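Here come two complexes built around chain A, the first alongside chain B, the second alongside chain C.
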Partner chain A sequence: MRLTLPALIAHGRYGRRMGLGPESRINMLRNILTGLVRHERIETTWARADEVRIYAEKLIGYAKKGDTDEKAMKMASFWLTEKDLVHKLFKVLVPRLGSEQHGYTRVFQIPNRDSLDRAKMAVLELRGNPFPPLVTRQPDSNGTLLNQLLCGYRQEVTRSRAAGGD
Partner chain B sequence: MSVTGLLGFFRRSFFHLESRILQAIGFNSRAVVPALSVQGPGIFPQPHRNEETEEHSFLDNMFWMAAPKKRRTIEVNRCRRRNPHKLIEIKTNIEPCPECGNLKQKHVLCGFCYEKVRRETAIIRGQIQAQEGKPLNNPAVETVVLYEGEKPAATDAGKRIVERKRQRPSWFTQY
Partner chain C sequence: MACRVVSRVLSCRFASSSSASRLSSVQLQRLRNDLFTREKARQQSLTPRIEKIEVKLVGKTHPGTLFVMNKGLSTPYSCARHLSEWHSKNSVLALVNGEVWDMHCLLTQSCEIQFLTFKDEDPAEVNKAYWRSCAMLMGQVLESSFKEEFSVELLQSPEVTVLSGAFCYDVVLDSHLDSWNPSKENLRALTRAVHSLLHQDLPFEPLEVQPKVALEMFQHNKCKQAQVEEKAAHSPQGTVRVYRCRDFVDLSDGPHIPRTGFCSQFEITAAHSLGPGPWGQVRRFQGLSLPRQLQAFHTIWERIRTRAERLVEVRAPSQAAVSTSVPAERSLPESQL
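== the complex of A and B ==
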């Protein structure tokens, strides 16, 4: 039995492997995060969206310290490769999302990609973006006047049947 | 009794004793010592005999290959092929979308509804790109999308306005 066998099995391990290695993974996630901050709603594979979410929330957490904070500025300048987005992060996203403690991003799974790989895709968006909402809550139709009247009518019928039966 | 005869007897008995001891240990001298040692090209039957002896030891070492003993009957085959773990799993998580009526999986967004939203988002983004003009020109202000006949509200004071020349779709609620 090979002693390196447990090292090859990844049962219960947390970190995902992406790209060509750890550095490649960070670079890839950095690009996706930059895209998210620029466009506020992006479509990627589900695994990448899941990973970027962690980094996006941490970045906004750091940015909440303010742009005078050295650590926050270092983080922002590392993670956002396009420098006009650093201003957007501190001036737009922090006021918009600063009141919440967490949950600045949302991930929804969408139907698998059309190409041959049929990859599991997700759409990753920042809360409060100007685009049309992805999930619309259906208004409760029980509250409409017509439905309430019909409900009352049904109750009356059952009551009269019960009374007539007795 | 001659001396040479006596010596020969002792020599032979010594060798016999040696071979018996070796046999007792398990060292089969018959296998080690060649049966026939000939100088020059070997006699033709010899390799054939070696092969035969090797084959006998091949059999003796019990080196078998697996092969089916009997034909699998159609009943047995059916049991294996139709076992539930081999059949395609039936998905019970498919339901109609309450908005459009197309089928969707419970944990996945409706494909039709998402496509609608995606197209509208792409058009809005195209307008934003046209407004920005050059790349990396993102202004550090919020954005608001206004449709035909809509005026910016009091809350949209400092925001960048993106105008869409169509009626507001029913699924794009303003709040």
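== the complex of A and C ==
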């Protein structure tokens, strides 16, 4: 293939280039996905986490069809290199994540890698994992100004409803 | 007609404070402002030498930090600036030895300090200070918005809880305006005047003065003079606290927020006529505001704004409720009083 400029520029193409080629990319992502299913929270480069996320969600989507489904089993056995994880996928992860339609994984950016490449790193985790949460969002206390105003508004609505009902 | 107006304006401009002719609000404002500046300069000259005091930070963020500040010159705001920009931009009040202080109040001795923000566990004091500051801004705009031929006498901003939904300022307008009711456009114009003050990010300067200085400041306002005497009687040192925002000076019960830039969404929602009182036809102007850190989505804002248009009744001192036939429930655990 000629080294033309359009071949080098993405021009809206989906999917990053990784490793030594497309096959190497799939193998690499497969290994990372196996690690994710085994450990449920892993640390990789941000680009790899972003790519694995797509395949992880698709895999769980397939696994939701059940282990009797031929296609689902084929996908699981291809993507999970360690075969004991196939059982974990169908019997543990699917019941846990089955109630949601999407968003089975979460990605958090972390400080860049210490080595010379200073790569942008991320933590990729499955929802409902047994570890303590990485990011906790503290909701505003009930005494803040906005919450107090809304409290008063709600009280008035219930009062007017009660008065209207009577 | 034009020469009559001109002569009236001229006579007002050159009238002395002791004459019988009414001073315009601009002149009264200037008078109070000059007295404030003079008193502030006098109080500053009482500390000629700079002495150092030690201020210790307690609380959640950076506990145990020691600041070496200047006595009579430093404020909790300067301590916050030593700490970080976040602290200086988000601290609303300071707890100095357990007492609630303004951020711009001068520190006079070694003490323990803690900063209060809008998002604390219990921001009751912060909310009260915010409501007071918003009421004062509304009063400032009301005093300066009417034409010179109409007199505006500010009575008081009643201590209203945040739960009632709006802050208020009671005002007595000129007798020619007894039948006038502000339209939506008028209220919008007043709101825009307040927004211009907010954009200027003016500081609220506190000053503790002797009652006679305060009486001199509010010599043309009998209601305020009565309040000065009442406050002086109740305060432990016998002094009265006044606050200045650009050139508007007003009495206040308690601390204010540091700067006007802390308010983001602000609207003067309604003006209700409370009927004739001892000072004249009293009008209650009401408004709603939210700080920069707690902005509301526009749909939510619309709902609480329509609620703020209803009259807020002040029943007993430091108790208020929105006017409905059913009294407000006070036993709910989430409500604060």
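Definition applied: the second predicted complex is superposed on the first by the 133 of 166 C-alpha atoms of A that agree within 3 Å, B and C clash if a C-alpha of one lies under 4 Å from a C-alpha of the other, contacts with A are read in each partner's own complex, and residues count from 1 in each chain.
Convention: a contact is a pair of C-beta atoms (placed from the backbone, for glycine too) under 8 Å apart; a residue touches a chain by one contact, two chains touch by 3 or more.
Predicted, not measured: the structure shown is a model, and the values here were computed from it.
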| item | value |
| --- | --- |
| Contacts of A:L116 with chain B and chain C, given as first, second, both or neither | neither |
| First (chain B), second (chain C), both or neither touched by A:D84 | first |
| Partner chain in contact with A:D140 - chain B first, chain C second, else both or neither | second |
| First, second, both or neither for A:Q155, with chain B first and chain C second | second |
| More chain A residues in contact - chain B or chain C | B |
| Contacts of A:L5 with chain B and chain C, given as first, second, both or neither | neither |
| Chain B versus chain C as contact partner of A:A163, first or second or both or neither | second |
| Of chain C, residues touching chain A in the complex | 118-124, 126-127, 130, 162-165, 288, 290-291, 294, 296, 300, 303-304, 307, 322, 324-326, 328-329, 332, 334-336 |
| Chain B to chain A touching residues, read off their complex | 98-99, 107-109, 111, 114, 117-118, 120-121, 124-125, 136-145, 162, 169, 171-173 |
| In the complex with chain C, residue positions of chain A that touch it | 140-146, 148-153, 155-156, 159-160, 162-163 |
| Residues of chain A defined as touching chain B within the complex | 38-39, 41, 43, 82-85, 87-88, 90-92, 96, 108-111, 123, 130-136, 138 |
